[in-house]
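What follows is chain A paired twice: with chain B in the first complex and chain C in the second.
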Partner chain A sequence: MNEDLFTPFTTPTVLGLPAAILVILFPPLLVPTSKHFINNRLITTQQWLIRLTLKQMMITHNTKGRTWSLMLTSLIIFIASTNLLGLFPYSFTPTTQLSMNLAMAIPLWASTVAMGLRFKAKISLAHLLPQGTPTPLIPMLIIIETISLFIQPLALAVRLTANITAGHLLMHLIGSATLTMLTINLPLTLITLTILTLLTILEIAVALIQAYVFTLLVSLYLHDNS
Partner chain B sequence: MASVVPVKDKKLLEVKLGELPSWILMRDFSPSGIFGAFQRGYYRYYNKYINVKKGSISGITMVLACYVLFSYSFSYKHLNTPAGRSWAISEGNSQEGVV
Partner chain C sequence: MPQLNTTTWLTIITPTLLALFLITQLKLLNSHLHPPTPPKFTKTKPHAKPWELKWTKIYSPHSLPPQY
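Presenting the complex of A and B:
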């Protein structure tokens, strides 16, 4: 039973080749591009959503920060679509793999830090010390702030992985529990089934929220450093 | 069997059964040829179901249903064959436990 729980999280292979690449390349097929002014319904709704998120996200940044709009918008679309596609039965969610989330988080965080050090070296180093700290505390606080700075990419990656994995695992467990209890105790099955539907709604929300949080934090780090 | 139009340029439904092997061999199997085939297939589906004035939700749901079936075929080995399943071997577990 234990081994059976984690098999949905193994990367799919075809004759030993990783087919995870195919799964990662699938969401862009659902988001077509168009050069026309008036488009079909699919593209219109998608463009409306993208414009909404873009405006919401980039309004706090200055000109230099807004050069990141393409990166952040594609990030949020990718994470949201991959998480939502993972809610389908038998599908594989690439964001459950820590390797992929680390690969997304570390370069983005490192580039915000590098940007801050390159263009505003004094100010970005000054961020390591909060305003108004008593003088004796300064050395310790700088160490603490440095540690919290280096933890940022790890936290980004682990947060996304843990949330999505935990949600999928919970759905698996409760689903199998309802199936086993179908013949034993019917009213309890109905209660468990309600729990399952609620959990599915939660998972849809979590999928979207995690995408949002990831992108928001990256944009926050950007704002600090741009 | 002699034909008026060269075999290479015919569509699949117009090729006679005897000419089928030569038709398959004459297709372009280079990387750009395969990519062109995927592109043609994609645009055929796109222009028929999505790029229309009143496209409905079935345009996407067909794609998603195919995605689910595709993922099922990938995990078939794990789920259904006795070698892939670990809980089928253990005794005392008579109910289906897999979601």
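Presenting the complex of A and C:
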């Protein structure tokens, strides 16, 4: 039974070939490209959304931070579309894979830290010690702050993985419970169905919020280092 | 947790990097988010004015002495 719960999170294979590659490469197809001056409603809406997210995220950054706007915008679009596509029944969600989230988190975090060390070495090293620390605590605090710095990408990846996995598990559990109760207790089934519907709405929100949180945290690391 | 099985990691990570760092960025670059700059007002061609009597060159060039 415990194995069954986690089967949606194993990478799918078709005839022994990894189908996850196609699943991961699909979301970019949803990003519109158009060379026309006037587009249809879908493309116009998507471009408006992209521009809105771009403005919202980049408003806090300075000129150096704004060079990342393409990266961060593509990151939020990619994660959000992957999360939303994963909410379709029987579909595979790549963002439940820890490897994928690590592959997104580690390079971005590492480049922000490298940028900080390259251009603002003193200030970024000064982040390793909070102001006003008593002298005996300094070595201890530097170790702790260093650990917390290096755990940032791990936390970033695990946060996304855990949130999406937990949501899918919960929907799976309540869905199967609803189906089982259908023949036993109808009023209770209706209540469970209501909960399931509300949970699905919540999961749609979580899919977007987690994409935003991931990008916001990368953006925050960037802000600290630029 | 099947996510911790590292044998599939390479097949996940490679398309992730491809999709995120190449395709999505190229797509976003190719979609023109900024409205194209309005065309500059080109200089209007000088209209042929009736008082520009070019077609009757009645003056001789300065370099030449007046000819009659």
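As a convention for this text, the second predicted complex is superposed on the first by the 226 of 226 C-alpha atoms of A that agree within 3 Å, B and C clash if a C-alpha of one lies under 4 Å from a C-alpha of the other, contacts with A are read in each partner's own complex, and residues count from 1 in each chain.
Criterion: contacts are C-beta pairs under 8 Å (C-beta built on N, C-alpha and C of every residue); 3 or more make two chains touch, one makes a residue touch a chain.
These numbers come from a predicted model, not from an experiment.
Based on the superposition on chain A, does the combination of chain B and chain C result in a clash or a fit?
Aligned on chain A, chain B and chain C fit with no clash.
Tell me which partner A:190 touches in the superposition: chain B (first), chain C (second), both or neither.
Neither partner.
After superposing on the shared chain, does chain C or chain B touch more chain A residues?
C
Is A:161 touching the first partner chain B, the second partner chain C, both, or neither of them?
After superposition on chain A, A:161 lies in contact with chain C alone.
Rounded to the nearest 10 degrees, how wide is the angle at the Cα centre of chain A between the Cα centres of chain B and chain C?
Here the answer is 70 degrees.
Tell me which partner A:74 touches in the superposition: chain B (first), chain C (second), both or neither.
The answer is second: A:74 touches chain C but not chain B.
In the superposed arrangement, does A:32 touch chain B (first), chain C (second), both or neither?
both
First (chain B), second (chain C), both or neither: which does A:143 touch?
Neither: A:143 stays clear of chain B and chain C.
If we overlay the two complexes on their shared chain A, which of chain B and chain C does A:85 touch? Say first, second, both or neither.
The answer is first: A:85 touches chain B but not chain C.
Determine, under the contact definition given at the top, whether A:104 touches first (chain B), second (chain C), both, or neither.
Touch partner of A:104: chain C, not chain B.
Please work out how little space separates the C-alpha atoms of chain B and chain C at their nearest point after superposition, in whole Å.
14
Could you give the residue numbers on chain A that contact chain B in one complex and chain C in the other?
Looking at chain A, the two contact sets intersect at 7, 32.
For the complex, give me every residue of chain C touching chain A.
1-6, 8-9, 11-20, 23-25, 27-33, 36
In the complex formed with chain A, which residues of chain B make contact?
Interface residues on chain B, with respect to chain A: 42, 46, 50-55, 59-60, 63-64, 67-68, 71-72, 74-75, 78, 85-87, 90, 93, 95-99.
Could you pull out which chain A residues touch chain B in their complex?
It comes out as residues 1, 3-4, 7-8, 12, 14, 19, 23, 26, 29-30, 32, 40-42, 85, 88-92, 171-172, 175-176, 179-180, 183.
Can you name the residues of chain A that touch chain C in the complex?
Contact set of chain A toward chain C: 6-7, 9-11, 18, 20-21, 24-25, 27-28, 31-35, 37, 43, 47, 50-51, 54, 70-71, 73-75, 77-78, 94, 96-100, 102-104, 161, 165.
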